[in-house]
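What follows is a set of structures for review.
The same chain A turns up in both complexes below, where it pairs with chain B and then with chain C.
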Partner chain A sequence: MKINIAKYYPLIPVYAVYLTMFLVGFFVPGLWQLVALLAFYCALGQSWNIFMGMTGYVDFGYVTFIALGTYGMALGITYFSQFPGLGIAIIFIGLLLALFLSTLSAILEAGIALRLRGAYFAIACIGINEGLRHLIEGAKIWGGSEGMLYWKELTEVFGTETAIQLTTLWADIAVFIIAAMAAFINVYYMRSKIGYALTAIREDEDAAKVMGIDTTKYKTIAFLTSGWLGALVGAMAWGLKLTHVFPADVFVIHYTVECIVIVVLGGIGTLLGPLVGGLIYGLSKYWLAIILPGFQLLIFAPIIICIIIAFPEGVIGVVKRRVKGTRLERYII
Partner chain B sequence: MRNGWLMKIASLLFIFGALLALSGGTPTTEVVPEKIVVGHSVCLSGKYAKAGEQAYGGIIAIINWVNDVSGGVKVAGKKLPLEYTYYDCESRKEAVTSLLERLITADKADFVMAPYSSGLTLAGAPVAEKYSVIYMDHGGASDRIFQQGYNYIVQTIGPATLYHAGTLKMIQNVDPTAKTVALAYEDSEFARMTLKGAKEYAEELGFEIVFERTYPAGVTDLTPLLSDLKASNPDIVLGGGHYEDGMLFNRQMADLDINVKALSLIASATLPTFGEALGNLAEGVMGPSHWEYGVTYSTKGAKKVGLDWIGPSQDEFVELFKEALGKEVVPDYHAAEAGAAILSLVLAIEMADSLDSDEVRAALGELEFMSFYGSWDVDDTGLQVGHSMVDMQWQGGERVIVWPTEARIGEVWFPKPDF
Partner chain C sequence: MILELLAGNLIHGLLLGCVYGLSTMGLSLIFGVLKVINVGHGPFIMVGAFVTLAMVTIFGTAPPVAIPAALVVGMALGFAFFYTVMRRLIKAPEFTTLLVTFAIGILLQEVVKFTFGAEYRGYNWEVGKIILTITTIPMTKVYASIGSIIIALLLYLWFNKTRIGTAVRAVVEDSEGARVCGVNVDRIYALSFAIAIGLTVMSGVFLTMFIPVGINPYMGGVYTLKAFVIAVLGGLTSPYGAFFAGLIFGLIENGAYVLFAQIPGVAPFSLTVSLAFWMLFLLLLIKPTGLLGAK
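== the complex of A and B ==
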């Protein structure tokens, strides 16, 4: 089978930006956590874009995946730290648990919400998110509302120095890797049968069905992939990095809204969009918090509105139109 | 042509990289300190904005007192001024780590203050540990933070488990015949910790727990729970979680005519609006607080219990606080505990005669003092063990501090008047 390399050219600018971020963060003192924050936003945007960008379904319950990913990592570290000799394997067990829990949640959501469309779909997703949070709190699962704290377990297994390295460096490197994976999957889907089917669903789901596309199958593929990536981001950026989880802090719809803003800023359904959106969103928030502490949200909102007015299809949406017919076209999708 | 595009992309990447690099710090050079920088990733917006603003005002008030009245912090025979550098974390866990790193590396903060709440305090802890910088916890009440083995977190706010300890002790002093206790708290991390502490302490003091239950956050009807509670016929009811459910708790206890000798609700009964909204129904209802305006801690009181006194008097603090915020607001306990955290830092630096984190951390472990906030002492883990909560009670439409004896301004009404 011949692999068409040219279809992966759009990954070049994406990876170039990630590499630049990584190198700046790694070599400039005091910038690593900022770069990690930006990578978190970019990874979230790119993961969410796989489902929302390609299908047009607005999943308000996306944060459920991130939250369950966090719980997966928390469980992996808390319970498996009791077995000496597992070492770094507990982190990988945490990742597997994150994927497992997000799969269960995706099955639940696919069974209930994916049968619905538009506002009904959005409301069902919110309902599942809130329901899971109350289940954990009410049934006192995994510490209930008291949550889980596991810095102690982490230091017992790895020692303080390695625990610090894991939480302040390796968790962030993992987010970079997840972001790069999400970008690759985005391109792969966009340039394959899956992407075409999803585009057809986005444009007119009934017509797509009539044309013989198994809409449920393709929607589920995109939903699962997007959910898995979200769970991995949660496992690393919240679970491993922050070494605690409280249900009231993770099942928060606000994070889904952030995903929407990031993707809309950059360009819905584009590859570079979530990256650009994540950078604009993260850098503006960071800078405004420094320059105008306490008043940043007053300035931030008009900035977002101005960008949306100037770039109604998102920054990359507009750039894409401009570069049409030029050599850059093949790099910007 | 192709080179042209490549150049453009390379330039864009360069600009982006340069922008990022500008966010970073300048290379470090070892110089004799001219000032002591205290960094803070403060919650000035988001869900903890109110508590964050209070903490901000309390810190500025105390820093101004240290610099203007005390003349600075004495280190190596030299008085150094305190400088406060802060950024708004928007009450978000993601923002805490990057802002904390900036404060430590770019702003060269010698010490950092944690944001409000246990969750946000925990979020920044690994970064503080990485840079070995003392991380003053002024708003994270969870005891479990201090069971994790962090080396640099030091708490000023009293732990959640001690919220109702003072209340129980006071009741035992006033009426040793009151023996049965009902516990009904909100199902939240903070309230459950309070329940756990209250239960343990009550059992230790010989009280009998006749009812123990939690109710979900955002509850709109407590009648079923309170009906069961009534059946257990307790002398004392301890509970609550937040303002709204505290109000509901009080109102529905009155509706069901549940008259007990003492009712104490956390995080609600201490607020002025509680009594204003409930009127007569709030009479005799108590609430624990870390600090309330009106406490009578003084140099004299400190001497009596054998502690050193530091900092402004309560009235001086209130004036400095209003000046710091530029508005007529009375400080609450969030302001007082953040201010007291700075005072502890100042004393520890002077005691260690150094700005080195490990030396100052060791001094903080040794330190015991009293200020307008009350007494201050931490154990080896950094957990606050020296500060006693104050208990206030609604009496004739006024909030009266009734416990501990060194801070009270009135006698407790026991038993409380019937609804």
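== the complex of A and C ==
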């Protein structure tokens, strides 16, 4: 099989930006936390874009995946730290559990919500998120609202030195890797049959169905991929990095809204969009928190409203129109 | 014993259900007319609570005096947001409307937090109570539910007996058809949005009459979620459907709480909230048009 390299050209600017971010964070002292935050937002944006950007469905409960990913990592570390000799494997068990839990929730959501459209879909997704959160709190599953703390277990397995390294360095590096993976999957889907099917669904689902596209299948593929990536981000950026999880902290719709804002700022359904949006959003949030602590949301809310009304296509949407017909075109999608 | 407890709670549930019903009518009206889900629904209820708080603590009036004030504040907010923001989003894709209404909600929360502070507040309004053998009902709760029923009835009359009300129903059915028939659809959009927000803010007053404590800028979130469940239960586009669904929801919520409280080792309050959502899924699976919806 001949692989067409040209269709992966748009990855070049994306990976260039990620590499620059990584190097800046690694070699400039004091910037690692900021870079890690930016990588987190970019990874989330890329992951979210795979489903929502391509299908036009608004998964308002996307944070469910991130939250369950966090729980997967928490469970992996808490329960498997009791077995001696597993060592670093417990992190991978945590990731597997994150994938497992997010698959379960994706099946649940696909069964209930993906059959619905528009308003009903959005409401069902929010409902699943809140339903799970309150079930965990109410039935006292996994510690209920007291959550789980597992720094102790982590240090018992790895020793304090390695545990600190894992949580402060390797968790963030993993987020970079997930972001890169998400970007690759984005391009792969965009340039394959899946992407065309998803675009057809976004434009007119009934017509797509009539044309013989198995809409449920492609929607489920995109939904699962997007959910898995979200769960991995959650497992690493929250689960491993923070070493605690509370239902009231992770099942928060605000994070979904952040994903949407990031993708919309950059440009929905584009590859570079979530990256640019993540950088703009992360940086401005960071600076606002320094300049005007406590007022970020008060300033952000009207800005978001204005941007959505004035530039619904986002930064990359505008750039894409500008570079049309030039040699830059093949690098920017 | 448990039956008495259950019966007592169900009475409270029925009373609270009226207020829930009123608080959801605005959401249904906005969805019916504009086809927009107002994700920032709860913060408007919170605004109503703060209108009451301001009237009671600053002007020293009784809480019911806040009802007309809340209507005025709500309609003013409704017109303001409609003409600045919502007007541009009528035929826009879904994510924009969701994002914008959510941002409006955040804006309201932050503005209120900035002016009133983030701490929990409450007020006191004693007007006697009805003592039954199984339970005691403060009169404030009775007034709140009677008030809600009256407002809902007024809305019903407005919808069915006035020309403008009929025009609103026409727009809900088919906005293009209504336009062809000479209805000024844009004005109907503005008016219904304002009335819906007015209703929502007003329901905040009744809610604080019901639960006069715990007023804070972030209290709205939980009501947004309840309103979603109730609205779907009622068929999403029908304000009266929403009102009756509110009654059902109030009954189930309070009844389930009593039953869950009997199970040892669980947090009954969270389980009740969770139950509401599993109910929602069941409904979406079986009958997505709502229990009281058409078809």
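We take it that the second predicted complex is superposed on the first by the 315 of 333 C-alpha atoms of A that agree within 3 Å, B and C clash if a C-alpha of one lies under 4 Å from a C-alpha of the other, contacts with A are read in each partner's own complex, and residues count from 1 in each chain.
Everything below uses one rule, namely that a contact is a pair of C-beta atoms (placed from the backbone, for glycine too) under 8 Å apart; a residue touches a chain by one contact, two chains touch by 3 or more.
Note that the structure is a prediction, hence the values are computed from the model and not measured.
Once the two complexes are overlaid on the shared chain, A:Phe246 sits against chain B while remaining clear of chain C. By the touch criterion defined above, A:Ile123 reaches chain C but does not reach chain B. Touch criterion met: A:Leu297 reaches chain B and chain C at once. By the touch criterion stated above, A:Met52 is placed in contact with chain C alone, chain B being left untouched. In the superposed model, A:Ile112 lies in contact with chain C only, and not with chain B.
Contact with chain B, but none with chain C, is seen for A:Leu31 once the two complexes are overlaid on the shared chain. Once chain A of one complex is fitted onto chain A of the other, the partner contacts of A:Ile268 are limited to chain C, with no touch recorded for chain B. Of the two partner chains placed by superposition, chain B and chain C are both touched by A:Glu137. With both structures placed on the common chain, the touch criterion links A:Gly147 to chain B but leaves chain C unconnected. Chain A residues in contact with chain B (one complex) as well as with chain C (other complex) are 134, 137-138, 144-145, 297.
For chain B in complex with chain A, the residues that touch the partner chain are 1-2, 5, 9, 13, 16-17, 19-21, 23-25, 27-28, 42, 44-45, 53, 86-90, 93-95, 97-102, 104-106, 118-119, 122-123, 125-127, 129-130, 144-145, 147-151, 187-189, 192-193, 216-217.
Chain C contributes residues 31, 35, 37, 39, 85, 88-89, 92-96, 98-100, 102-104, 106-107, 109-111, 114, 225, 228-229, 231-232, 236, 260, 265-274, 276-278, 280-281, 284-285, 288 to its touches with chain A in the complex.
In the complex of the two chains, the chain A residues touching chain B come out as 13, 16-17, 20-21, 23-25, 28-37, 40, 134, 137-138, 144-147, 149, 151-152, 155, 160, 163-164, 167-168, 237-238, 241-244, 246, 248-249, 279, 283, 285-287, 289-290, 293-294, 296-297, 327-328. Remark: chain A residues 52, 56, 58, 60, 111-113, 116, 118-120, 122-124, 126-128, 130-135, 137-140, 144-145, 253, 257, 260-261, 264, 268, 295, 297-298, 300-302, 304-305, 308-309, 312 touch chain C in the complex.
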